[in-house]
Amino acid sequence: MRQMKETEKLKPFPPAFHSPGRLKTRYEEGFNRFRTARGRRFMVITVICLFGLLPLVLNDYMLHLFHAVCIYAIVAVGLTIMTGYTGQLSLAHGAFFGIGAYTAASLVTWASLPFFLVIPAAGTVATLFGALFAIPSLRLKPIFLPMATLAGQFIVEYILVHRLSFAGGSKGFVMPKPVLVDLGLETKLSLFYVTAICLLIIIWLSDNLLRSKTGRAFRALRQNERAAAAMGIDAYRHKLFAFAVSSFLAGLAGALFAYAVETIVPTFFNLTLSIEFLAIMIIGGLGSISGAIIGSVAIVFLKEIIGVAGAFSMNSNIHAGAGPAIISLYEFVLGLVIVLFIIFKPEGLASFYRKIKQGFNRWPFS
Amino acid sequence: MEFLLQLSLDGVSLGLLYGISAIGFILIYRSSGLLNFAHGGMIGFGAFLFFALSAWANWPVIIAFAVTLVCSFGLGLILEKWIIRPVFGRENLIHYILITLGLALMLKSVLSFVFEKSYHHLPVFVPHAFSRGWFGFQFTSFHIIALTAGIGVLLLYRFYFAFSPQGISMRAFAENRLTARTLGIPVKRILAMSWAISALLCALTGILLGMMNGPAADSLSAAGLKIFPVIVLGGINSIGGAVIGGIIIGLLETFVGPYASPQLQNLLPYMALVLIIVIKPTGFSGDRDFKKR
Amino acid sequence: MKAFRGDPSLFASSDPGKRQAQLEIRNLTLRFGGITALNKIDFSVQNGELISLIGPNGAGKTSLLNCLSGDSKPQSGKIILNEEEITHLPPHRRAAAGIGRTYQSFELFEEMTVLSNMMLARHIHLKYNFAKAFLFSKSTKAKEAHQIRLVEELIDFLDLQTVRKEPVARLPMGMRKRVDLGRALSLNPRILLLDEPFTGMTLEEKDEMVRFLLELNEIWQQTIILAEHDMSIVMSISKRVVVLDFGIKIAEGSPDFVQKHPQVIKAYLGKP
């Protein structure tokens, strides 16, 4: 038998295979997002390619879709915090989105505020409106919030359509060209970059929030409110905080939307939009940020395939490019998708993503 | 004065209709614990089926009415079997609410696709000759139908749940699911029955509301959502409270309605809902433990 | 003597004043509609005591614990902890006041791991605000890691190492009771309320649990109120026993005294 050389015996696995057997030696390592430096590098490169380089080669149409995905994803991340983690359901996020859009448009038109003031202002106004409906109902049983926000959705919709005649009423609100920091790029493209950066920052902040003690408290509240109270967690305060964050993000996304489409039509912000946001969560998978993003991609492409999108390509009106038949078709498909996902795949598309990630981690042993 | 009396008659009739559909809603809530956002879709289904049978197929009104009720009953059974039963037992409020929202979207879109958004006319099956004035009230055929239907349904409901074995086991099931199950009460049948009866009541409401205003997919699904102020006012769990709540909402709509634009009129119940949640979330006859857990 | 694997000096704050507990219940009355669940209950608990609540089913043991933990609101009477009245504090403020409890029916966070369950109980001890949570900087990480370190001591003590990362839903009954105890202990409470911790356990599991309770009480000086059915355990480990029947305190005293008390015998055996 051939004698094995000492070096051959001790030869380690090639570095690529190290990840599966890596062990944590300090508690702080448990907080790392990526198990290995390789995973982190891979993610950074993907993000740079996706947001940095891809838009430069895409045509206008695809860029619009990308832009829409980013805006939807911001709302969906907010809903993940509130619905996925804390277990509160809101049917008024379409309206909050609209409030954000209208606030942004009016601030730009009449006060000509700069972009970086308009965005948080829009979020704040949406949060205040949300608080009107959330504060009384969050102290009650969980079924009261959907009801109160349903009322909120209709009330806000009424105000936008009938009481804002100075802002264009039902015909829509035309926004002046945005004043952005000049990036030396075409406006649309620079706007896209601003939106994408907003999204990335929001994802980073939300992910931090969700792995902190607050995120843990959110999950506890969803699972067992009584026990959470016994652990010293103030249910009302945490629920209100989750609601405030998610309505702030909806308003912020609405402002970005207003910048993106330039003409906002009040009928766009209807109950169907609210349900659409919730559908994102169901398609992507409740309770994970990756799910929120996957769901936004899915919903935008679904809209595009059916042909109602009009929203982002031309004027913001959902009815603009599409006849009533197509809207009916879209609503039907949306309803069907929600029902089918809840029945057959309640964990959503994010489960596939998780499986793939696991495969990478365990490669070559999977 | 006469005008006010007439308005209150209108309000009470409308409110009784809300009350009927609220009974259907509460039936589902008590048996399976889910808020049925597809209530409006079920109301619209009944109204439009009746319209299609009587106006398009030219069937006699009575037959069309009976067939509509039977079909709605079937719709309730199908929805329960295919859509609700798979998620029942997950005890996940978000799934419960979202699945009925999805259902609502599907029903509404189908209706507005087939019948479009314009208003239609429904045949009235009590001839106008019946209309007359009593005690200063002007009873039109609509009032007669609404009042008889409302009171009839309430009585039937009362007898059904007080005396029929099925009704008694449904009550037991609503009281305590686990105990009811160990006593051999067939859970599946109870759930199916509650959905079927609810769909039937919805169809009845839909037909009557359609007779009043002419059916339109949008307004009928909005009528379904008006259920929420009604049941919260009544205390969510209680039938009697829901009927009273329905009458109050009906009166509110008819009294304030003439002074407001039609859009605002549709909004009134929701404003009332917010007010009720702020002031007295337990409603009239709701039990106290509804306030928190 | 080091009787436990975990190191309580790390976990329990070095300041003994933080575990000091002096509970007084005065004239406590609780009614549900027409039923009087507790009728003018009076007793006090000294620091470092292990006191047991016994009584037939429906005697009001759990109701009393619910009043202490804030789940039920008594109509009259006072609960005083360390000379501070806590009768009207909402449940979530009681944890900070120093009351930790376990439940008879499981109230664990089923989808979370054992470690997360116990980390949740450290919520009130983790002092950083929402802004810090958003940034999750190095200092926040250090704070979290420190708390994990402390919780690991308890996990060690309760022999839960093998299931640290297991979701609670997958654990057997006896193990869950232990997780529940661990979660209550993670609160670092002044008073530990145990609601029938021995139900549904095998003999070996009961044995382990008794050992934990005794170690807690004798070495950690943990004040414990134990509501329990199992007489042999109660009589052997507690120093003082309070007997309830139909919401009324019928006897209080040492185990021997209580066992011979005529009213207690009547309550349990139904004979005069």
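Order of writing sets the chain letters: A, B and C. Residues in each chain are counted from 1.
The criterion applied here is as follows: contacts are C-beta pairs under 8 Å (C-beta built on N, C-alpha and C of every residue); 3 or more make two chains touch, one makes a residue touch a chain.
Being a predicted model, the structure only gives us computed values, none of them experimental.
*Asks:* If you connect every pair of chains that touch, what shape comes out? Choose line, ring, star, complete or other.
*Replies:* Its topology is that of a line.
*Asks:* Give the label of the chain whose average Cα location is farthest from that of subunit C.
*Replies:* Comparing chain centres, B lies farthest from subunit C.
*Asks:* Hey, how far is the Cα centre of subunit B from the one of subunit C, in Å?
*Replies:* 48
*Asks:* How many angstrom between the C-alpha centroids of subunit B and subunit A?
*Replies:* 35
*Asks:* Distance from the CA centroid of subunit A to that of subunit C, rounded to the nearest Å?
*Replies:* 41
*Asks:* Touching at least two other chains at once: which residues of subunit A meet that condition?
*Replies:* Residues 226 of subunit A touch two or more partner chains.
*Asks:* Which positions of subunit B touch subunit A when the two form their complex?
*Replies:* Those residues of subunit B that touch subunit A are 35, 83, 86-87, 90, 92-95, 97-99, 101-110, 112-113, 116-117, 225, 228-229, 232, 236, 261, 263-264, 266-267, 270-271, 273-274, 277-278, 281, 290-293.
*Asks:* Quick one: which bits of subunit A touch subunit C in the complex? Just the residue numbers, please.
*Replies:* Residue positions touching the partner: 26-28, 30-31, 205, 208-209, 211-217, 219-220, 223-224, 226-235, 241.
*Asks:* What part of subunit A is in contact with subunit B in the complex they form?
*Replies:* 83, 87, 89, 91, 133, 136-137, 139-144, 146-148, 150-152, 154-155, 158, 161-162, 225-226, 272, 275, 278-279, 282, 286, 324-325, 327-332, 334-339, 342-343, 346
*Asks:* Enumerate the contact residues on subunit C facing subunit A in the complex.
*Replies:* 69-71, 90-96, 100-101, 103, 107-112, 116, 119-124, 126, 128, 130, 132-136, 140-142, 144-145, 148-149, 183, 187
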